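The next block holds one structure in the form of structure tokens; read it before the comments.
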């Protein structure tokens, strides 16, 4: 929080930082007790991001899962793709907005603010992407993210036509579908277990 | 925006402040051309809030409507009630979150941050109030706001039982219903006409 | 009711007229105890309409709210606008039909019957406006009322295109949005508190 | 319509009675051209009800279907059952209200008014049965009708518990399910083909 | 079941065949105790189908209902129509898939497999007909079945345009509407009472 | 398909096996052209399962994605967990049934039939798990899978109470959430790109 402790006379009933990472009792180990490879990954996160994202801490009670989740996440968000890093984060935010996921909106909202250097854009995508002034490419991409999130049973390949008209290749469409799917997964996990985002995200890149 | 012009290399396609207040062509008068009473009200807003909220500018093409809307709004938000100003703003944000209203989430999100001095609480109510640590009173109040917003056809007086159990009087329940109703009105107007919130809201009370 | 007491052998468990105006205990004053201005307004209603609409009685426990609600209502329904009185009532009924609001359907259904002199039209709008034979103008207006009532999060200014094609000006579109918003407000208040319509409405203009 | 032609200056764009029975071109025979048995049934309707219900006219293009539909309808509505005729009509109206079916609401709304001798009850069931003052038995019955109409995929035998608590036998529950099912059928047929109710229904038993 | 008793080490908690036909206590008579006409019909089913469909057993506690239901069913499924038997079964399956009806999917899924001699097609229609490779005629027919099942309140005659474009006559459209309606009825009855399909269906025509 | 070619006079418009794996043009390499590690994995699938599951073929245009997806999948489905293999497959089927995913229902439906040795159970979970006779543990698990799939925005940790009452540890609840999330991902990808299940699944373990 940006307000200093001396002026903060908050009526809020909690100090957010004292909340555990999830509502489950998962016997999460201390970082020092993680296997070497995982510990090094966490230290790298700390150095690069200034924090260990709580989603990783949550998974760390099961290092086998932590490993495969991290790799899958990193491949989709940082791997080879026609989609820019900002575009991948935009999809993350719009899917999470449809599903009202506090964790993912907080973490990926900060990322949209960072990559776009446009803090208002981040707010718009969190609140209702339809209010944002978007390129035809981004509008088609986010309309599709909303549609496939809300009504997967009704979607057929014909619904990808606007993506092709906006210039996305079939490989990019595949990547878009994977990202939409991925956040439909994480949104459900995070909401179900009440995953807490690291508090630092809230004030980043405002 | 907090980023200075020299460092802002945004890839965003618009400068947000150049967007008109609504997508409709409403022949909105300059403040100087408003009738005296309305002009004085706008000047008072400018002095007190540092801005004329865009919802008032939008209504100013019809001063008769501007007058009655402002009075109704002021009575519900500032008039005599058991509900605190923060509670009224919390209802505004939660209703607007269910309806994904960019204008109302922006304006009333800033107000929740201001009244609560808790910027994270503001984010939580915008994203999903169920993630917030709330008193039993506030949880009952916001559950009801969500329910009456989403499924008005199914609501009966029996659904107010948790409000009474949380200590709200029948007069307070009436006020809660009016506030829920009011933002279900403004959300629809604002989304339909693409009303733009004043840009200053975004960075306030972070 | 049109059936005389002597022939009414109803199996219904209540006499409708004995139900209180709302399910809340609101310490509603007698008309004689209202402040002069409000009392005169109620007397005017009695003279002109043959009743004091129960929505006004409900608000009268808080004369400040009564005042601003009445003015807002009167401005939207009777103020300057391209929309005819019948069109405003048609919107009221169609919004209320989507929300299944007993109070508003009863009161505004009677008004549609009165203004249109077509009792079947009133029934059709209450049951399903899509069954009515409507001008292109009215069809566009009511399709929009249904859409903005049901899915406010999905509506953008592009959805107003059929209104413009049907000849509505941007000022009329603003008025339509305000009316749709207004009844989404009153529907929620009335259903939540189980507001009873004055019984006279049911048999009017049949 | 009750208003006499001389005073009717309706602005409505149609004379309702000139609309065909359905929007389909079904080569419906004249009554005189029907097979003897069907013709006698239609004549009996005319004598007893003062009209041939349009649903029968619609089916008459296929006398084999007319026969089996009529028999099924008559058995469910008039056959042996613990449910009173009024209760069967109440179910018809509540199912049709959830599905917004103009034809069925009109025809069965008139029947509820007739059997209950309570015109307000008819209106309440059409608008929102939750607003009606009902016995525990009728409330359970209509809650179930609403539930099974709206979310058939979620219903299990456990949802019938309130019906048993309200005193319905298993045979009566079977009959209730059949009636709910039947009107979910007719609502879809009538809405799909825009079936017109006989105009006389609108003013009956007001 | 195809697995022989000796190799079946199922962990499933029940033997399916011991479940009663419905969850209601309906005093269903033995076949031998049915009136002659009904008994002969059941014997004919046994001979022709190798079973008495459980839906008939369920209705047999009320022979008047059994009679009219069977006749209506037989007329719609086997009577004169432009629709082939396979098409009628396809509609049955797609409606039942939208409503997630175990009984109807099982019985009519077997029929689609039988008539089409294409066991995969049966699976596709049960799971999501949009995944099937269909003729334009069948695609239009099943899109309409899905639409009228899910949103009857929104359907108007204009929604039948794709059916006409696909070559269906108005009489065929009437039949399609009746079939869609019929399975919306039976789905609700079967799910509400937990009707068990005859176990033989599951392995037929695989 | 079990019917022999000589007797199959199918009226179905396609031979299912000629459909490509997805509707996207993804330049999928031949197995022989895959990198050694992936090729060996595919050969192992062929040996063990008698097929290379089409989801893997679909991912093989991007071997980096193929790698991380396979590992994540294998960890969730085969890794250390309190959940039995059958329970994991039951979750896969119930999530996929809510989302009407043809690919996942086909592949995981076969797995439920295999692990349970109960072909009817597989059908019930695909059609409507509420129709199955389930242990309290499995009922709680599948109710939760349905809830978190349909309404993620409304779920809080309180909704996991029935899982704890059914004996699941917090670690098992975490695994359940991950599985529900995972199939909400794959369902969306598979439906969006029209992924075809290997035809062999349909007739397995019937």
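Order of writing sets the labels: A, B, C, D, E and F. Residues in every chain begin at 1.
We adopt the following convention: contacts are C-beta pairs under 8 Å (C-beta built on N, C-alpha and C of every residue); 3 or more make two chains touch, one makes a residue touch a chain.
None of these values were measured; they are calculated from a predicted model.
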CA centroids of chain A and chain F: separation to the nearest Å works out as 25
Averaged-CA centre spacing for the pair chain E and chain C, given as whole angstrom
44
Between the Cα centroids of chain E and chain F the separation in whole angstrom comes to 26
For chain A, which residues are shared contacts with two or more other chains?
100-101, 128, 130, 153, 156, 191, 194
Taking chains as nodes and touches as edges, what kind of graph is this: line, ring, star, complete or other?
other
Pairs of chains satisfying the touch condition:
A-B, A-C, A-E, A-F, B-C, B-D, B-F, C-D, C-E, D-E, D-F, E-F
Would you tell me which residues of chain F are touching chain A in their complex?
22-27, 61-62, 64-65, 67-69, 71-72, 74-76, 79-80, 99-101, 148-149, 152-153, 155-157, 159-160, 170-171, 173-174, 177-178, 180-182, 184-189, 191-194
Can you check the complex and tell me which residues of chain D touch chain B?
128, 130
Over in the complex, which chain C residues touch chain D? Could you list them?
1-3, 7-14, 16, 19, 86, 97, 100-103, 105-106, 116-121, 123-124, 126-128, 131, 133-135, 191, 194, 199, 202-203, 206
Which residues of chain B touch chain D in the complex?
153-154, 156
